[in-house]
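Each structure below is given as structure tokens.
First subunit A sits with subunit B, and in the next complex the same chain sits with subunit C.
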Partner chain A sequence: MLANFIPTTAEYLGIMPEIILTLAAVLIIFLEAAMKPGRKPMMQWIAVISLGFAIFHALHAPEGIAFQGMLAIDGMANFFRVLVMVAGLLVVFGSSDYLTRENADASEYYALVLFSIVGQCIMASANELIMMFIGLEISSIASYVLAGFLRDDPRNNESALKYFLLGSFATAFLLYGVAWIYGATGSTNLATIHTSLLSGDTGHASLVGIAAALIFVGLAFKLSAAPFQGWAPDVYQGAPAPVSGFMTVGPKAAAFAVLIRIFTLALGSMSDRWLPIFWGVALATMLVGNLAALWQTNIKRMLAYSSIAHAGYVLVAVAANSGTGSAAAMFYLAAYAFTNIGAFTIVAHFARKGEKYVAIEDLAGLSQKQPALAAMMTVFLLSLIGVPLTGGFFGKFYIFKAALDSNLVWLTVLGLLNSAIAAYYYLRILVVMYMKEPGESTDNLPVASPLLQVAIFGSAIMTLVLGILPGWVLDFATRASQ
Partner chain B sequence: MPPLPTSVPIAWYLTLSAILFSLGVLGFILRRNIITVFMSIELMLNAVNLTFITFSYMLKRVDGHIFSFFVMVVAAAEAAVGLAIILTVFKNRQTLEIDEVSSLKN
Partner chain C sequence: MNLLDLVLFLPLLGFLTILILPKESSRMTAMLLSLAIFVLSLGLLSPFLADTLPAGYQFISNTSWIDSPAIRYHIGLDGLTLWLVLLSTLLTPIAVLISWNYIDHRVKEYFAFLMLLEFGVIGVFVSLDLFLFYVFWEVSLVPMYFLIGIWGHDRRIYAAVKFFLFTMAGSVLMLAAIIYLYNLTGTFDYVSIQQMIQSGALTFTPQTELLLFLAFFIAFAIKVPLFPLHTWLPDAHVEAPTAGSVMLASVMLKMGTYGLVRFCLTLFPNAAHESAPWIGGLAIIGIVYGALVALVQPNMKKLVAYSSVSHLGFVVLGIFSFNQQGLDGAVYQMLNHGISTGALFILVGYLYERRHSLEIAAYGGVATPAPNLSIIFLITTLASIGLPLLNNFVGEFLVLQGAAKANFTWTVFASLGVILSACYMLWLYQRTFYGKTSEAVAHHVPDLTTREWAAILPLVALMFWMGLYAQTFLPAISAQNTAILNQMQRNRVVNAATPAPQTPGVRNAR
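Up next is the complex of A and B:
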């Protein structure tokens, strides 16, 4: 009996990415304290190397249920783990210049990024509600600190405070829902909840409904889905730009993994009750994000509203409630991750010290001074619009195809109309970059350092690869969603 | 007069936890001091703990107790980070009124 509780080698291999990243993060904190100042540059390389090893292990993880049903190391877990780790890799490359410029070259930044990624990996592979909660908190607590990383900057403080208060508020809702699910079904394991609901011996179907609603509210906060999106613009605008890029991608992707697992797996038998809510929330999220983004003059705030709108598109895929819908959501999140991190990295580079140049008008004439940078920004903006040959196009294509297959005709039509509205504010940036005369903000723009170029060109290449050869990522996503 | 129950009914605990949770939500929405808002969140987490323990008692299973420990540990970690964030806000602005912490916008 006791032997059953000793984890097998396969189980350890399954969580090898989390183990590697945790050890690397602890090592970074230890070295930061032990080493003399001035020998810090190697810290980001520890992060890069550990992420590389972790990605390798996630791609080769033996699949199966691990640790007494706590974790499900399946295709979906591996897809999301690789996604958040690759996003983390790009963020690490894109951050070091920014930190040096702001005199905040502290290695705990990389440790926090790694811890946050560990939390997201646990969320992606959790098969149990309490495990999901713990993963969510590991990810969130590290992100709260990252959002306020420049602690003398009032904008950073405000961003961290809002993120912390509303994040903890959302977590409390999620947990209260988990507690009621536990009471109504006697378990927090997703598979057991599913069988308990199917067998109908849960005498309190309405209780499970309320619990599901509480969980949905908690996750909707994390996804910045309407009507719980209010915190997102302030938080993403106030946080350091590379961190904003990370927060719009990693925690969101992991929260979507949790949402898909809970609602399509555990609560799949109640789908006729939650699908109408998802329908409405998806539409409201797209509308709120796109309409508010139209009026923004600050590029970070505009990208924040655009990230709300993109969460709405992914919710359309979840509302399709099918294998193809989940695969479309995963593909979209991957395409969006590269695109958005690339865009935020350029914004971080362009903003200069103290994030001085963050108005859209400041980008005027960028194409004349640095055509390569303007071209990369163009790739990202076109992908956010969803123009063919970019990852964003196939992302939207698969999402709306999955929605049509599930007979969500009106949601598809309204979603397409939303994409048309969105084109306006993305194209406005293109117009500013290519049609206006350069001002003093573009005059003294330094050339991006090699590390930054890795982040920017890497993101752009991945965005284009996903737009030209979407097959291999889509195959990965399709296998993962079964 | 009906005989008094020998033990407190389960529903009473659950009602109490629901009241505590609602008080936490109301406090979060209505209070304007950051520390009080933070305390409201802790109240909500305690309501969750009470619910876990009640269900654990009802189901005659021990895992609910363990979950409440997890919640407490995470709440402590959150409090450590949260209070540090609140301190930096106070250092930079000399205020703990939540309405005055709103410099971000256009």
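Up next is the complex of A and C:
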């Protein structure tokens, strides 16, 4: 009997990415303490190399249920793990200049990013509610610290404190929901919950309903879905710009992985109850995000509201409640990851020391001073609008295709009209960059360092590749969603 | 890789080349490339000049772009799109030529965007895959947005954003309809969907058909623009640089009317027939309203812009007459409007370059210092009014004849537009070119330069050619229109014969 509890090699290989990243993060912390200050640039390369190995292992992980049903190393897990790790890689490339400039070049930053990614990887592969909770906590706690990384900056402190207090509150909801589920079904394993709901011996149906509602509240907070989106603008605006870019992508993608697993797998049999709520929340999220973004003058805050709206689009895909819907959500999150990290990297570079230039108007005339940088920003903005030949377009296309497959005509029409509204505020940035004369803020903008250029051009190329040849990522996502 | 692929992708290559090369060479690169593309595109004529016109599409390329969902790179050319493609390839070098001195800052981006625009509009006309069509439809939006927004006049930003948002709002609904069609049929391929409807494999309930029709129709009607969706047009035209106005009026508005003919008529014939009275009514309102507003404009560019609303009303009226003459006239009128309104915008641009004003009141007596300019302007004015022997006459005559067959009341009111067009155009001409020559005009308005002659002469020649010998152009158009009307008729019969099922769906398809 005991032999059954000893993990096999395949199981270890399955969580190799998490193992590599954890070891690398620990190594960074040790080296940070042991090494002279001058040698610090090495740390970032440790992060890069470990992420590279981890991505390789995630792509070659043997699939199957591992660790007594605790983890499910399947296509979906691998898709999301690769997604958050690639996002992490771009963020690492995009951060070093920023940290040096803000005199915050401490290696813990990279360790925290890696820990956060580990948490998200666990969330993506968790097949059991407690594992999900553990993953969520690992990811969140690292993110709380990252949000306040510049500890002398009051905005960073505000951001971190808000994120921490509200985030803990939301996590409590989630955990409470897990307890109710356990009470109703006697299990925390998703597959067992599913069968027990199907067999109908779960006591009163409203028990599970309340549990589902509590879990949804907890996750909706992490996704910044309306009406639980209030924290997002303040947190994303206050946090260091590269961290904001990461937080709009990594934790959100992982939370969507959890949402898809819990609701479409474990609670799939009661979808007629939760689907109407999803439709409403998706619509409200798109509307709140887009309408609020229309009025913003700070580019970080605008991108924060836009990230709320984009969470709404992804919720439409989840609300389609089908394999194509899940695949569409995954594809969209991938396209959005490249687009948004790219945009935030440019914002971080442009803001300069102390994040001085973060008003939209500050970008005036960028196209005349640094045409290449402006062109990259244009690619990201067009992708956020959803103009063809960018990843954002195919993402929207797949999402609304999945929604129409599920006969959600009204939600599709309203969602598409929303994306037309959204075009307005993205166009404002284009207007400022291309149609206004350069001012003091663009005049003294230094050229981006090679590392930053890797992050920016890499994101832009991927955004275009996903818009011209989306097939391979979509295949990956489609296989993953089955 | 056939000739059409080449004509389609060379502009994209031009866009990239201009971006890479230094800005001193942008003008010349754009000029040489766009001329080369035009010369190449003349080769597209060859199958259509034969004694027996070819049936079906020519220069077909059909390869898979994305496997699942099945999106194909499927392009082809027929008698309808041939002329629209040639119009685009002809006007691009002209647009480059008239921008030669007019554009003095950020030259490189300007000519790059012109080439990108050419890529987008040719793509719209040749796409035979609905998805591909939508991609090009949106892609063509981006360069025009920048052309208006960067190189336009004072209120350029407002006009550019309005232009983008109007088109975008309409086209997202079309995207929803395209996806809906895909979910019913499993393909984006226009030809396949068309065959499914024809064979009765695909039928819609009347309600579904109407909604799908409207989703497409609204996107096109905004682009045309049909009253009351026209309000973006005067702003965009007035604020755009000359070449932007030319490309917008001559080519981009035709994307809308082309879409009506190609997609709305054949895919949703019943809904088109049912809504025809309403659409005809709106077209007539547009004709008369556009003309009346043009009459009172103090700004020449705005006057020409409103005259476009009026002229495009004729095109829509012809399309929704559903008969050979009406449709022939509509398509011919698309080309005519491209030539004569394009020429008008060019000439207004010439005046603006000299006097730096678009107000009619700033001119007067221009005929004295610039006789050649006035003669050319006069010919263009007369063409625009629809004087016999010039191009617009043929088109308007056919449209009115077609409309009379469909509904005689329409013709009565539409004829008002012809009369009014004479009023506003001749009055514009009189106020600008006759009368006392002021000091400013005498000093600042010299006659045409060689470069300006070179840009306008091809268009003037075409006005005569298309007016005197329409036989060069009409056979290919007519043949294609006959095919479209036949398809439409067959699809109606099929739909009437097979009672629509409770839920729309595919039978025997795939």
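A few notes on this one:
In this section, the second predicted complex is superposed on the first by the 482 of 482 C-alpha atoms of A that agree within 3 Å, B and C clash if a C-alpha of one lies under 4 Å from a C-alpha of the other, contacts with A are read in each partner's own complex, and residues count from 1 in each chain.
The definition used in the following text is that contacts are C-beta pairs under 8 Å (C-beta built on N, C-alpha and C of every residue); 3 or more make two chains touch, one makes a residue touch a chain.
The shown structure was predicted, so the numbers you read here are calculated from the model rather than taken from an experiment.
Shared-chain residue A:Tyr144: touches subunit B; no touch with subunit C. In the superposed pair of complexes, A:Tyr424 makes contact with subunit C only, with no contact to subunit B.
In the superposition on chain A, contact of A:Arg301 is made with subunit B only, not with subunit C. By the document's definition of touching, neither partner reaches A:Pro446: not subunit B, not subunit C. Contacts of A:Phe397 after superposition on the shared chain: subunit C is touched, whereas subunit B is not. In the overlay built on the shared chain, the residue A:Gly354 is in contact with neither subunit B nor subunit C.
Contacts of A:Thr188 after superposition: subunit B is touched, whereas subunit C is not reached. Touching of subunit A by both subunit B and subunit C, each in its own complex, is seen for no residue at all.
Residues 130, 133-134, 137, 141, 144-145, 148, 151-152, 154-155, 157-162, 164-165, 168-169, 171-173, 175-176, 178-180, 182-183, 186, 188, 233-234, 237-238, 296-298, 301 of subunit A are the ones that touch subunit B when the two sit in their complex.
Listed in rising order, the residues of subunit B touching subunit A in the complex are 14, 21, 24, 28, 34, 37-38, 41, 44-45, 47-48, 51-52, 54-55, 58-59, 61, 63-64, 67, 70-71, 74, 77-78, 81-82, 85-86, 88-89, 92-93, 101-106.
Of all the residues in subunit C, the ones that touch subunit A in their complex are 66-69, 106, 109, 134-136, 138-139, 141-142, 145-146, 149-150, 156-157, 160-161, 164-165, 168-169, 172-173, 175-176, 179-180, 182-183. By the touch criterion given at the top, residues 367-368, 371, 382, 385, 387-389, 393, 397, 400-401, 404-405, 409, 412-413, 416-417, 419-420, 423-424, 427-428, 430-431, 434-435, 469-471, 474-475, 478 of subunit A touch subunit C in their complex.
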